[in-house]
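Below are two complexes that have subunit A in common, paired first with subunit B and then with subunit C.
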Partner chain A sequence: MFDLLPHILNGLTLGLLFALIALGFMLIVGLMEQINLAHGSLFALGAYFAMQLMGPRPPFPADLAQSWLALPLGWRYAATLILAPAAVGLVGIAIEFCMRRTYGKDPLYGLLLTFGAAMVIEEMIRLTWGTRDYVLQVPQAVNGGFIFGDLIWSTYRFYAAGIAVAVIGLVWLLIEKTSFGATVKAGAHDSEIVRALGINLTRLRLLVFVFGTMLAAIAGIIVAPIWGIRPHMGVDAVIPAFLVIVLGGVGSFWGAVVAGLLVGLAVGLSGAYASEWSLLSMYVLLVAVVTFRARGLWGKKSMLEA
Partner chain B sequence: MKRREISRRSVLKGSLMASALAGTASYFGPWKENRVWAQGAAKPIKLGLTCDASGQYGNSGQDDLRGIQMAIDEANAKGGVLGRKITWITADTETTPATGSRLAERFITREDCTILIGAVHSGVANAITQVAAKNGVIYLNTNSSAPSEAGENCSRIKFVWDGNGTNFSKASVANAVNSIGKKWMLLTNDYVWGHTTSAATRAQVEGAGGKVLDNLLVPQNTRDFTAYLLKIQQAKPDVVATAIGGDDIKALREQVAQLKLDGKPAWINNQQDWPDVWGSPDSLFGVFGTTWYHKLALPGVADFVKKWQATNKEGSIPVPGNVSYNGYMATRELLRAIERAGSTNNVKIIKELENLKVSATDRMQHFDAYMDPVTHQMQQTIYLARRNPKPADKTDLYEIISWTEPKAAADTDAQAKCKLVPYEQVPTVDS
Partner chain C sequence: MIPTPQSDSARLITPTMLVLWLVLATVPFWIARVGLYPYLGIEILIWSLYALAFNLVLGTAGLPSFGHGAYFGIGAYAFGLCQFNVVANLWVCLAAAFAVAGLAGALVALFISHRRGIYYAFMTIAFGQIFWTVAIKSHKVTGGEDGLLKIARLPADFGFASFDLAGNVAFYYFVLMVFGIAVIALWRLVHSPYGRVIAAIKQSETRAAHLGYNVWLYKASIFALSAAVSGFAGGLFAMAQLAAFPDVMSLHQSGYVVMMTLVGGGLVSFWGPVIGVFLFLIARDVIGAMTNAWMLYFGLLFIAVVLFRPEGVAGAIMAAWQNRSLNSMRQQGGTALRLLFGGGRWR
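Moving on, here comes the complex of A and B:
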């Protein structure tokens, strides 16, 4: 049992990261009913913007760049956690403008559009930063390892899990405990009534989409020091994100969080005890759940179900 | 307004469509072709370059391509081969066997390529081999180092130019068992190169009196190695031998370095490809193998580096490494073999390559190299290296600690496993 505990802990921290990766994807699917296949590319873009901001050549005029580089690493990192998602949010605005013609139509239109956007973003990344790998610098305080239970653990891993918990909590508060969240949910439920009440639905959708893209960027920044930064890193993110929301139930906030944790545990435990199954385990889990519960763990009940 | 609810069915339908689109996009392009036609000139010899541009070995595939192109450019600058220009076509094999197979078929049947060159992933190399063998087309496996490529998956039409897992294990394992410790753990990429390389390492460890505590299979495209690193810490081995490649080894190296696990246990990383090292130079650790290094103090190396740099100014990698070197050497020797054969007949070229001997000076290695006629694998100097504590410049990442002559590192098991078909059974191909 003692041997198992480190792997359960590892699975839970990994699960929180999966939940963080899926969060923005889930919000856009759940609240806008749009499948944003550019989620992975926006995740990657967040990591690249952060790497550029934290690197030796920040994208500022010379004077500002000098002052920026003079700041302690921790301050720069904290500012990057805001600036990089904000920059990705601008890209999100552009994508949302393009998506407006697809609203109210078959979801496949939006899916095709975001698939195209994903390809464009990935190629832009290759053109701008090349195909080489990059490493995101992080403050010393969250880097390195610590000894616990006779094992060396990654400090960053626990920091990342902590950030994931904080972001999940904040998003939940925003959606469930604010009037903005209530309006957004109402808009998703019945857009015509919301519009009739005088609420600007166009702006509401823009805000939700941009919020979702910024969450993708935050996930990219947090995960980058573990996975590394490379042009196709978005593909590594979008597939588990997709899987987590289907497993948790499309549109369910807590479904996505619990599904993320389950996927993390499956990958972590199989990595230790049946290592060749570690990546496959998440798909096996999905098949097992969907076989017995077609709408996922917390998905909305279909009218066809008795 | 009609409301459309998003359902699980539409999400799944969407994901299927996205996968189909992704596959289709790579099938139709981007294609790149370099034609050197001149009116009245002899018909060019057309090569199909099967190089990865994406996936686990995307970076290495493109570095392979740079070396291959350099050899072709050199030949064309001298007037071509047999008075004929060399043209080529390439497309992304995506580090995926199915794509490799499809492209090989397309290059041969629709693009009239009579020779195929390029591979990093052994699964892709094997898939291309099947298509090439069926058509009698010569195939140069430039950089895939699975022992099976020159063993059970060898072919009369295929020539393997990289050192393989057994070569590197022979050069490193026995010494490490005696000097570091007898308890070993294996960390193995879960595909043919990883399996065959780890099998070779296990045989060497047990042959030297060591014991393999466990072999952890790592699925391709694994990004998080924490579970494996915890397991290794729990088992407390003396040595961890890895057969992890491409983007996976870069992620592993970063995570090992972050935890400072790079000192104890000792790490032996089978072969490290230069594009993977250059992609993440700060996390280089352990002892690892290579077939070439751009700062070997040997005649011709500096000139080769200069020429390579002159033709690859825009690239993301500043100096050639083992992958580009293998691509260059394979292509150069092929073109020379055609010249010596005085013909583009496939069997004549195969016979020339089977008898290939290259001097150490010409190879820019420490020992003479030769093609094993039984396995079709180039037998060459095997280098062991570690991180350079005193680099002369930012590219000087290796400290070469030993070089083993080809015979001492030869993969003798491959000779028993490789069964080449007789020449008469190879379909005739002439460019």
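Moving on, here comes the complex of A and C:
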């Protein structure tokens, strides 16, 4: 049994990362009933922006770049965790402005629109940074490994899992415990009443969408040191994100988190026995669940399936 | 006099088909002169067949399937494996491509036909990914990422005469012949009583069920049939490429066929997918020759189509042709799109 422990731990940390990746996707699906297929590309964009900011040639004017590079690595990393998602948020604004035309119509419009946007962003990444792999520098404090029970553990994985827990917790607090969250949920539930109460729904939707894209970027920055940075990373992220949402059930916050953990465990444990096939396990898991439970684990009735 | 769609739908061969075939039959004579090459013609025909088969599910039945590349790829592998392990006969191997892909489709249909909307869409993606992973990882059977190589273009034996298809022009005419027969079959299928029930299910599953139709069986059978024809096209593609690669089964490539079908206008027209394939592959070669980033421009075009022209190119042409307002066409396109994810409820 103890042999399995590393794989279970590995699966759990991976699961938290899946949940983190799915978080922004879930917000936009749950609160706006829109499927944002560009989620993966925004995730990749976050990682690329962070890589550029942390790298030797930051995108600033010469004198500012000098003082930026003079900062300690840890400070730069902390600032990057804010700056890169903010930049991705700007891209999110542009997508939302296009997407506006599709509100009130079928969600498939949004899905196709964001599919196109994903293609465009991925192509732009290829044009700007080429197809080679990059590495994101991280501060020494979270890098390296430690020995526990005769095994070497990667510090970064635990740091990443910790960040995932923190971000998931903060988002839950924001949605469930603040008046902003209440308004947003009400807007998703009955837009007419919310408008009648004098709330600017257009701005509210923009905020939710941009928040979702920024979460995608944060996930990208956190996951980048583990998966590496390459143009394809967007697709590698959006499929598990989509899968986690469908498995957990559309509209269920904890459903998505549990689904993320389940997917992580499935991938981690199957990786222990047949590493070649470990990615297959998440699809098998999905098929097994959705065949018997029409709306995933705890899905609510939604426009997306009507 | 311009024929109305009503009279066309009763025909075995429509004027549009005749014109299309005649134009396509001349392609080898001029394609090299406009700077393109005969192989492109083959590719366009095969992808057109694939997109038409795909549109049985997307356009005719209104079911969002985003993992269709799997069946195209399975057909290609089945063709190659049949050639190597069973018998090197063109007809047998093409039949195998049709049957194996159809079986795979039927198997998947068992799991998904009671689902709708986003869950249906994602189940098709999941199965597509499963088949793709299996194709990549089963090195011994499929050759893994290197692909199944050395597939031969088997001679077409008609009993009284046998044709060698090794040359691109001979193969082009063979594919054109097969394409012609397949188009007639699909046209009849879509306009048969069976096809009408499928269209009714697209409009409202509930209504069709209340009229006594077994909705599940219709949804499952159209999916399996579409997979089988896609696999058949895949078999031809294996011959064209002289190999079968897992690439076509990836999510990206499955997305391309969705894009082609939608840009062409598959939701409002039988011919939409064909128009989309023409645009996509020619754009790939023409824009691709000028810039590496042709996908960027095609992506932007796709966004514009989704935002401003949901009826696609075919819709715009039909509107002009039939002197109907573009607006009514657009509404039709919009409704068709809405039904895809509305899962059969008029809103």
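As a working rule, the second predicted complex is superposed on the first by the 299 of 306 C-alpha atoms of A that agree within 3 Å, B and C clash if a C-alpha of one lies under 4 Å from a C-alpha of the other, contacts with A are read in each partner's own complex, and residues count from 1 in each chain.
Note that in this section a residue touches a chain if its C-beta (ideal position, glycine included) is under 8 Å from a C-beta of that chain, and two chains touch if they have at least 3 such contacts.
Remember, it's a predicted structure, so these values are computed and weren't measured experimentally.
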Subunit A as common anchor, with subunit B and subunit C clashing or fitting: clash
Which of subunit B and subunit C A:W68 touches, first, second, both or neither: neither
Subunit B versus subunit C as contact partner of A:L14, first or second or both or neither: first
Contacts of A:K105 with subunit B and subunit C, given as first, second, both or neither: both
Which of subunit B and subunit C A:G144 touches, first, second, both or neither: first
Contacts of A:V135 with subunit B and subunit C, given as first, second, both or neither: first
If touched residues of subunit A are counted for subunit B and for subunit C, the larger one: B
Subunit B versus subunit C as contact partner of A:F158, first or second or both or neither: neither
First (subunit B), second (subunit C), both or neither touched by A:G228: first
Touching partner for A:W172 - first (subunit B), second (subunit C), both, neither: neither
Partner chain(s) touched by A:F180 [first = subunit B, second = subunit C, both, neither]: neither
Subunit B region in steric overlap with subunit C, selected from 37-45, 55-63, 73-81 or 127-135: 127-135
Subunit B and subunit C contact sites that coincide on subunit A, given as residue numbers: 35, 105-108, 111-112, 115, 119, 242, 246, 250, 276, 279-280, 290, 294-296, 302
Contact set on subunit A toward subunit B in their complex: 3, 6-7, 10-11, 13-14, 29, 33-35, 37, 104-108, 111-112, 115, 119, 130-133, 135, 143-145, 150-154, 156-157, 190-192, 225-228, 230, 232, 236, 242, 245-246, 250-251, 267-269, 271-272, 275-276, 278-280, 290, 294-296, 299, 302
Touching residues on subunit A, where the partner in the complex is subunit C: 35, 98, 101-102, 105-109, 111-113, 115-117, 119-120, 122-124, 126-127, 235, 239, 242-243, 246, 250, 276-277, 279-280, 283-284, 286-287, 290-291, 294-296, 302, 304-306
Residues of subunit C defined as touching subunit A within the complex: 64, 111, 114-119, 122-123, 125-127, 129-130, 133-134, 137, 251-252, 255, 258-259, 262, 292-293, 295-296, 298-300, 302-303, 306-307, 310, 334, 337-343, 345
Interface residues, subunit B side, partner subunit A - complex: 1-8, 10-15, 17-18, 21, 25, 54-55, 58-59, 62, 190, 216-219, 221-224, 226-228, 230-231, 233-234, 247, 250-251, 254-255, 258-261, 278-280, 282-283, 316-317
